[in-house]
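Chain naming follows the written order as A, B, C and D, and within any one chain the residues start at number 1.
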Amino acid sequence: MNKGFASDNNAGIHPAVLKAISDANTGHVHGYGDDPYSREAILLFKDEFGADTEVFFVFNGTGANVLGLSTITRSYDSIVCSEKAHIQTDECGAPEKFTGCKLLPVATGNGKITPEGIIAHLHGFDFEHHSQPKVISISQVTEMGTVYYPEEIRELAELAHRHHMFLHMDGARISNAAVSLDMPFRSFTRDCGVDVLSFGGTKNGMMLGEAVLFFNPALTHETKYLRKQSMQLFSKMRFVSAQFLAFFKDDLWKENAIHANRMAKLLEKEIRKIPQIIITQNVDANAVFAIVPGNIIAALQEKYFFYLWDEKASEVRWMASFDTSEEEILDFTRFIKKLVS
Amino acid sequence: MNKGFASDNNAGIHPAVLKAISDANTGHVHGYGDDPYSREAILLFKDEFGADTEVFFVFNGTGANVLGLSTITRSYDSIVCSEKAHIQTDECGAPEKFTGCKLLPVATGNGKITPEGIIAHLHGFDFEHHSQPKVISISQVTEMGTVYYPEEIRELAELAHRHHMFLHMDGARISNAAVSLDMPFRSFTRDCGVDVLSFGGTKNGMMLGEAVLFFNPALTHETKYLRKQSMQLFSKMRFVSAQFLAFFKDDLWKENAIHANRMAKLLEKEIRKIPQIIITQNVDANAVFAIVPGNIIAALQEKYFFYLWDEKASEVRWMASFDTSEEEILDFTRFIKKLVS
Amino acid sequence: MNKGFASDNNAGIHPAVLKAISDANTGHVHGYGDDPYSREAILLFKDEFGADTEVFFVFNGTGANVLGLSTITRSYDSIVCSEKAHIQTDECGAPEKFTGCKLLPVATGNGKITPEGIIAHLHGFDFEHHSQPKVISISQVTEMGTVYYPEEIRELAELAHRHHMFLHMDGARISNAAVSLDMPFRSFTRDCGVDVLSFGGTKNGMMLGEAVLFFNPALTHETKYLRKQSMQLFSKMRFVSAQFLAFFKDDLWKENAIHANRMAKLLEKEIRKIPQIIITQNVDANAVFAIVPGNIIAALQEKYFFYLWDEKASEVRWMASFDTSEEEILDFTRFIKKLVS
Amino acid sequence: MNKGFASDNNAGIHPAVLKAISDANTGHVHGYGDDPYSREAILLFKDEFGADTEVFFVFNGTGANVLGLSTITRSYDSIVCSEKAHIQTDECGAPEKFTGCKLLPVATGNGKITPEGIIAHLHGFDFEHHSQPKVISISQVTEMGTVYYPEEIRELAELAHRHHMFLHMDGARISNAAVSLDMPFRSFTRDCGVDVLSFGGTKNGMMLGEAVLFFNPALTHETKYLRKQSMQLFSKMRFVSAQFLAFFKDDLWKENAIHANRMAKLLEKEIRKIPQIIITQNVDANAVFAIVPGNIIAALQEKYFFYLWDEKASEVRWMASFDTSEEEILDFTRFIKKLVS
């Protein structure tokens, strides 16, 4: 079967990342992060985000979001997010269960939320009957493949801080956002006022591993306990840390994300040549959303695995990965052309 | 620095396991366990434990315990365990936080709990003021390096079942127990009445990965949601599953555990030659507990990393791993002899 | 200061209810509900709702909702409700904290939710990434003072049951709904398919006390433990039960609710004579919502306590109680007329 | 049937308290504590405990303990308490469920815990694998009817504070302790270093109502939200507050507690005349624990309701209340004498 376009999660491990795991596999080191690989990986994050950045490695994206959010909330708080946010739709209630907080969804078409939508939830402060709004959470890249501009992020950060709230960013695909914006990570996160960032590795060529970054060290005196209690502390931590070493070495992250985004752009270009298919979202990063004639979907899914995003609308999601090839895109779109003709 | 004897967690990845990860790194497969590696790995577990065994892979031991326990409890239940159990002392309250249950510790010298100690907690059934005893949880190997005999496990299972409770086993080091008992996994778990088992891979040569096994499929209709909600669902699952394939192939697990246990026995033998050191626990598996003259500990820890188990008693824990060598043991004990002389 | 129209919570205790407390104050009885008053009160509920109804008394409305919802959910479930539901806006996140569930708000103008709005949330069944929709929760009377018709409730129950979900009703003001519909309690709850009901006493003349009713006894084997664990088990239970005895005796509940609703109707009638004020919701029960000229609010609130419901819209909420008098209504509206003229 | 000696919970409402409820039943007042009765009741507590005491009224003792403990802990903390503590044995896991914390029981014969027993749990500070010891919780009066001396409390407070922990006191029967020690409340609580106190009203003549007191206002910025989220905020708060007004007026609390304690002493005196019965605990307050010939228990319980404390040991608990009469004691002991002869 073909690779398909289901998810950047379906891809494997970049060879350089796998090699880093292998290279780290010598002798014994202390567990739980007290090892030279982890120390070096943390330094690389500090290089990117500032020396006072606090870095906590975790297993997966849900774990990263929950650890970040539980650090900055109490159980009576609320978290404002997109109705399409991963924390709202794809974490099976882990944020509510672990933080106790209420999630307040904001309607959105393109995955991005705006001050107008958020402000409707920013009331009841100091009123004990009402969950206290404490976090605005955004995804960068969004779940719809779109990317926030720095000025949009800054505006949300200001809105949050004006209300003594935090701005949290789910950066499961932050590398794709960075190359889309052509900016260093820091410029559209910390420098725009993001307080806590889930920094994703898994979807961009790592086997597994995410980092939770805090840009105010004063926030993090609880985080190490919360990481352990949320079952996200890895005993053989060096093998996540070593992956991050490869991830940053020679800007592998960038190479991977540039490639994935370019493949999505190529897919977009080829799809736009097919009048029966309508692309529904800006292709800012590595995802293409499109409305496809219902009658070709079964045949297409027989050869290529991908998700039907919205069955009623006949809308699909196609994701490109670091290992998607031009040829695969062209084969895929040729096949679609054949199906629709 | 030397490898030390701190923990089987400090070891790396067995080469055959690493190779399995590498071999699985081809093309795209569906995420979250819907892949051929995971299907095959599950079959291997069913071969060991019976065809109706339900298998859920997770990241780490704490995650395994919490997933197993949350599947078989409600928040108003209690879990009876050793005062030295990992779930009681080393999971930073993850079981309480995620299940809501009360943990009831039983005093123990050697890590094993007995019906006498447990029964004191088995009251208040049907009395709404009292957390309802629902689980007896034991560790096999125990945290003190001892191993339950099958008849002991059967007795605890009968005690549990007589009270409509479950018997849970934390098998983070279950391979070491199997070779210690020289029995198949099934004979001292399912066949003795264990209901839920955390089956450990990480401490026996894997990079990471544990399996939660349920021997009554009727229990598990909630488990897949609880795994996701407890942040233990791995997107690129094939890379844990592939490790288990290597783990079971040619009985690698057995080879590793036999070696680790043998090294602990060698260490025990050499240590017993040193009259100034008193071994405090049976060396059933891969751990040696010993009371060591306080004045040599600093010098010893300078060269070898290990944990001071009980500072007041001057008791240390030394763990052997799949990759501990005879030479390392002999160097280590020679060095001790020099220090005490 | 005048009584005001802030809330039926601001009223006191109906004299007959207070007398019942006093009458029950003789000698010792068993605590926690094992007393003759509680047994008799439970029978009265069974008379109203059917002999197999399970009845649990609790302290307050939030406790009632949480106990009902936690009985019928697991932590990975979701609860669909109005964006204006008490459980969504006025319980400080108690449902999320105690159940672990996600609450999914449905937009509504008049407080009532419809199948169209709910269905958007009914997807992702059996998909472990997604909180599992398990409950539709409605308030009767709604938070906007409107009342569901039996056929609307039946439709929601059918929608719920078709998806193997439950229909929960927050009946904090259920007496006002019953007299508004002029139906027995059972006809618009159990007989329409409601599974779990929070039956309110406090807002209709009791000092405190609510009952959680389950119409399927098979659901409730966990409830007694959950009530204790959620801190809602009253030691001197007889003093809540005795209040319910008075509540049902000679249909006191009906007399109180008829009066409160009639006072709201009178208020509506008088307010409609004032062209500067626009009534914004149907006055189905004991609440009147109205847009009031912003410049009179301060003066009005100086003499009468009530809540500004929506500051931006200049919308207020006026509640009538069992003890509101005609004269108070007429004084109040006369004063408004003076203010606006 | 006779009153029995089951619990001070089985008693009713002191007439003066009931009258206070009735007196407060005039007109409308703001809900949720913003009323003159509540303000006055808070002042009475400040008079007793110091002007900067923060006071939160709740429904019941479990609610009081949970609100106090959740204010001063995070989910990864642990709470050290007696193995016989109400929070350990009689709250159905509410502390674990709501706080997420681990409870660490200390063995005790007489209900009092000592530094020796506690210190065994005071380790693992700053070690992320281990729940962080944060609270020592004691009950005054203990569950065994004994009373801590001020110097004992001071010692525990110093132990707690030396470890940056808090001392929590469950004062469900604090009035009985005060009269037992013949000291003002403050002298053996705040002045001895208690940080948080559950102050009980229900067991000493009130219908219901407890107060959670914090002696460091800096701790309480979260408490009002936690009270609401833990379902302990009473809408018609005045009716709890008014009870406390009566409770403190003319030292009613003291009169009630003196009487109850005196009755227990009388019971002790009469029982000591019966050689077949052995009193097992000091009768410091209003409870008598005794080993009773097994063959008389059934006959005794037929006429008098009381709890068999420890079935195997044939140990019973008899509680005196504010409304126990001398005659009842004498009838009871006469009847016992007849039974044993």
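One rule holds for everything that comes next: contacts are C-beta pairs under 8 Å (C-beta built on N, C-alpha and C of every residue); 3 or more make two chains touch, one makes a residue touch a chain.
What you see is a predicted model; the values in this text were computed from it and never measured.
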item	value
Farthest chain relative to chain C (centres taken as mean CA coordinates)	B
Chain pair showing more contacts of the two, B-D and C-D	C-D
Mean-CA-position distance for chain C and chain B (Å)	50
Chain B-chain D separation of Cα centroids, rounded to whole Å	41
Chain C-chain D separation of Cα centroids, rounded to whole Å	33
Junction residues of chain A, two or more chains touched	32, 75-76, 91-93, 97, 100, 128-129, 225, 228-229, 233
Residue ranges of chain A in contact with chain B within the complex	3-4, 6-7, 9-13, 15, 18, 21-22, 24-32, 59-63, 66, 91-94, 97-98, 202-203, 207-208, 225, 228-236, 239, 305, 321, 323
Chain A-facing residues of chain D, complex	32, 74-76, 100, 128-129, 132, 222, 224-229, 233
Chain A - residues contacting chain C, complex	75-78, 88-93, 96-97, 100-105, 124, 128-131
